[in-house]
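In the two complexes that follow, subunit A is the common piece, with subunit B as its partner first and subunit C second.
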Partner chain A sequence: MTDNELITLGIETSCDETAVAVLRGASQVLSSKVASQDDIHSAHGGIVPELACRRHIELIRPMTASALEKAGVGFKDIDLVAVTRGPGLVGALLVGLSYAKALAWASGLPMVGVNHLEGHVMSAMVENPDMPLPCLALMVSGGHTELFLLSQSHSLEWLSGTRDDAAGEAFDKVARLLGLGYPGGPIIDRLAREGKPVYDVPVALKSEDTLEFSFSGPKTAVKNIVNRLKNEIGENLPVADICASFQSAVVQALYGKTRLAARRFHPASIAVVGGVARNSAVRRTIGALGEELGIPVIIPAPELCTDNAVMIAAAGAGRFLRDRNNPEFHDFQEMDATPSWLPGV
Partner chain B sequence: MLILGIDGALSEPSVAVAREGLVLFSKVGSPKASISRDVLRMVSEGFREYSISAEDISHICVTRGPGSFTGIRAAMATAYGLADATGARVGAVGTLEALAMAAPAVDGPITAVSKARKGIVYSATYRKTGGAPELVHGPVEAPVENLAGQGGGLPLVLIGEGFEEEIAKIRKNAEGAVDIAQKAMPIAAAAAMLAFWRLEKGESFGQSPSPEYIGRSQAELTQGGSGKTQPLYGG
Partner chain C sequence: MTISWPTRDGSTTRLKRVLSSVETTLALAEAIGSILKPGDMVLLIGELGAGKTTFTQGLCKGIGMAPGSWARSPTFTLINEYRAKSPIRHADLYRIDSPEDFESIGLFDTAFDGITIIEWADKLPLDLELGVTLVVELKEISQTAREIALECGTELGSALTQCITTQYDISG
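Showing the complex of A and B:
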């Protein structure tokens, strides 16, 4: 089978999305199915691991069947299985990993255990397979805010992360503080467009010569602003203006550290990936960084920013095609989940 | 008829293969090992040792709980994957029923026990009359010391896990004698045997079983209260 004929089944269950995709070659998407659990977790204001795991085991088979049907292929047509091995919720990872291992082993197929964050970075190459390398990747989601450098040999080097909350986590916490619901990112993004950033929410570590992020300070600043406004004007808060102020601080932090890293490492491109890359201000502001630096900025389509299995299949297929005979792809019976796995460290 | 049994509900995962009502092999993992790491390795080793190919398996029977939530799901996901690859039918039996099946013959009732969480167990009482165990009471989720009342004046025979540390208290409070039965076979083998008997009787085997949790999750228990459950944030 040629590289372009490889059929990869991708499986992702690291958090609260049960996702299955079928890919041909390195980047041709034959199908992508994602079952979100937002309705289950919204009552709790965040993801409850046990409830997420219960949903994954209900959905893993029907989602796989649905993805195969949409792709027009059967189990016997699969050449490679790629599955998220970590990081993530251990119980959630084990559902997808156990299913994938058993399926691959009993079918006599190779299997690649993919790092979830590597998958997000590789999502930028699904629509842009010729993305110039090295690429500076800002991976920003509810669980992570990291900067990576993807080399010309496709190896990842971790550059920095957050000292406290992830950016998406801060969005969710601020949304909960304002009583806006879950997930908070899309709600704050929508409200921020109706407001103005009139409140003083600090951009953490703005003037420090570090690539690290911090979002606990902006979150606390919003809390203090809310408390002050409640004392001054009561419960009828200017929510849109608060959202605009908070979002502006987060986006400025992401922009500033990405710009600093670009000046330090001279990448040939920049990629912004992860769930928070759906945010309109993030896309606009960091997108503009490309013009300033004279390099392309690649931000995947929104459906590739949130957790999905296309990115897992793409990362797995890429690794397999570069190194088909790697023994770890063929001897995976004892592969275990790795809940805390930061690549490229 | 070649039946693969898989259990991940107890602290020692196990796998077994039964052919026409006889156990060909069974393997038990370490309580300290990861279920994900152990289960497929044991299946792979057993198949290699007994020259079985995955395609030879006609049925897969997995224990559906109650027991370790994570273990049940990992075992069930493994069963699903094997079934989808081979076309084998997959069904489930209760963990406590399989435990009772794994018990040696006793005259009176036998109470099967699995761990829920600290100080709490799942239990059900069965009567064994030669064939499959018949349910007398349960399954219930209750404090481990409540097992003392399960005998109802008869000798109390316990099998399973989660009660060892409290056995002195159980013995003190029970009305009759308390015995601990050792498993005559690993629970995965018992599950495979139960499946065989059911299939022989023409009973339904199912095609995509679901876990049996019995108790509510910690998240549900704390929802709306002060809530110790800490939500995580996506991605």
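Showing the complex of A and C:
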């Protein structure tokens, strides 16, 4: 089969979502199914009521059937299986990995084990296959805040990450402090547009010569602001102004470190990936950084920013197409989950 | 302390102190980390922003995690694993609510022979057979000061009392 005809089945079960996708070639999405627990989450204020492994076991087969049906292909049409190997919860990862191994082995197919974070970075290339490399990728989500450099040979180098909380986690916890519900990110984004950043929310490491992030401070700063205002003016808090102050501090920190990394590594493009890439202020501010540096900024469509299997299929297909005859694609029987695996570390 | 899981040796020591700064909190946590052993389980209790992740960073440093690597909040990832002199599992129950899930995330997998640290541990059912080594409760008393309550078996308790009385600037 030619490169453009390769049919890849992508499987992702690293944490909360059970996701399956079918991809043709390197970037044509035939189907993408995500069993999201967000609806259940919001009813419980962000709590996972029925978690991980058991849900994945129940969902993996029907989700695969549904993704294949939507794509209009059968099991016999699959040429490659790509599956998330880590990082994530070991029990959750093993559901997807065992299913993928069984499927690939029974059908005599090659299989690629994909790093979840590498998948997020590669999500930028799904809609932009000609993205100029090297690309500086800012990966921001509830669980991660990392900077990566994707080289011209598609190798991924980890540059830095957060020392404490992830940016998305800080959004979620600030929303909880303000009683705004779940998921916190979109709510704060919306309210911040109606407010002004009048409160001082300091961000640690912001002006230091390090590429690392720290978002535990802004969360605690908001808590202190809320406590002080409750004493001074009672329960009727200026929520929009607090949201604007918090969001501005976080976005400025993301901007500052991305800019510092760009000056050190001279990328040909910048990608912003992960759930927080949906935030309007993040998109606007990093977009402006691209203009300032004269390089394109690529931000995937919202459904590719949150956890999905298209990115896993794309990362797997990319690796397979660059090195088709490598015997390691058929030597996956002993492949194990790697719960704490950062790419390139 | 309002909650109490049975400790490994069945006996109990309780200590309560005031930690005047973030540095004092980190120093005490590091000292405690250095006397923990593989197989130990530390439970952390405290509100949002009480300093559970900060305390964990101190513990990890004491357990021998390399300088320059950081214990991160596992709120979304649920369990983080770190390399140190003993392997460390750092878990967070903030997003977890049902008893089945405590098992399903694999926290009480007996094959693990490192040190386990659990944030938001007050969500754990009290009747769980945990083999807890130490329970730490942090309470905010000002922007930087924290009240710390420690509960553990007497053997670790005497080592802890030693730590607290000889090395750290702690009032209370």
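Everything that follows uses one rule, which is that the second predicted complex is superposed on the first by the 334 of 345 C-alpha atoms of A that agree within 3 Å, B and C clash if a C-alpha of one lies under 4 Å from a C-alpha of the other, contacts with A are read in each partner's own complex, and residues count from 1 in each chain.
Definition applied: contacts are C-beta pairs under 8 Å (C-beta built on N, C-alpha and C of every residue); 3 or more make two chains touch, one makes a residue touch a chain.
Since we're looking at a predicted model, the values are computed, not measured.
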Requested in this report: Identify the partner contact of A:87: answer first if only subunit B is touched, second if only subunit C is, both if each is, neither if none is.
Outcome: second
Query raised in the report: Touching A:240, do we find subunit B (first), subunit C (second), both, or neither?
Result: neither
Requested in this report: Classify the contacts of A:166 with the two partner chains as first (subunit B alone), second (subunit C alone), both, or neither.
Outcome: both
Query raised in the report: Where does A:133 make contact in the superposed view: on subunit B (first), on subunit C (second), on both, or on neither?
Result: neither
Query - Per-residue contact with subunit A, leading partner among subunit C and subunit B - result: B
Requested in this report: Give one of first, second, both or neither to describe whether A:339 is in contact with subunit B, with subunit C, with both, or with none.
Outcome: second
Query raised in the report: Which holds for A:268: it touches subunit B only (first), subunit C only (second), both, or neither?
Result: neither
Query raised in the report: Which holds for A:229: it touches subunit B only (first), subunit C only (second), both, or neither?
Result: neither
Requested in this report: Using the touch definition from the top, say if A:321 reaches subunit B (first), subunit C (second), both or neither.
Outcome: neither
Report task. Have a look at where A:220 lands relative to subunit B and subunit C in the superposition and call it first, second, both or neither. Result -> second
Query raised in the report: For subunit A, which residues belong to both interfaces, subunit B and subunit C?
Result: 15, 44, 46-51, 53-54, 89-91, 141-144, 166, 168-169, 172-173
Report task. Enumerate the contact residues on subunit A facing subunit B in the complex. Result -> 15-16, 41, 43-51, 53-54, 56-58, 60-61, 64, 75, 89-91, 94-107, 141-144, 166, 168-169, 172-173, 183, 274-275, 306-307, 333-337
Query raised in the report: Which residues of subunit A touch subunit C in their complex?
Result: 15, 44, 46-54, 87-91, 141-144, 161-166, 168-169, 172-173, 176-177, 216, 219-220, 223-224, 339-340
Report summary line: Per the touch rule, the subunit C residues reaching subunit A in their complex are 48-49, 53-54, 57, 70, 72-73, 75-82, 95-98, 100-101, 104-106, 143
Report task. Can you check the complex and tell me which residues of subunit B touch subunit A? Result -> 34-37, 39-41, 44, 54, 69-70, 73-82, 84-86, 208, 210-211, 213, 217-220, 223, 229, 231-235
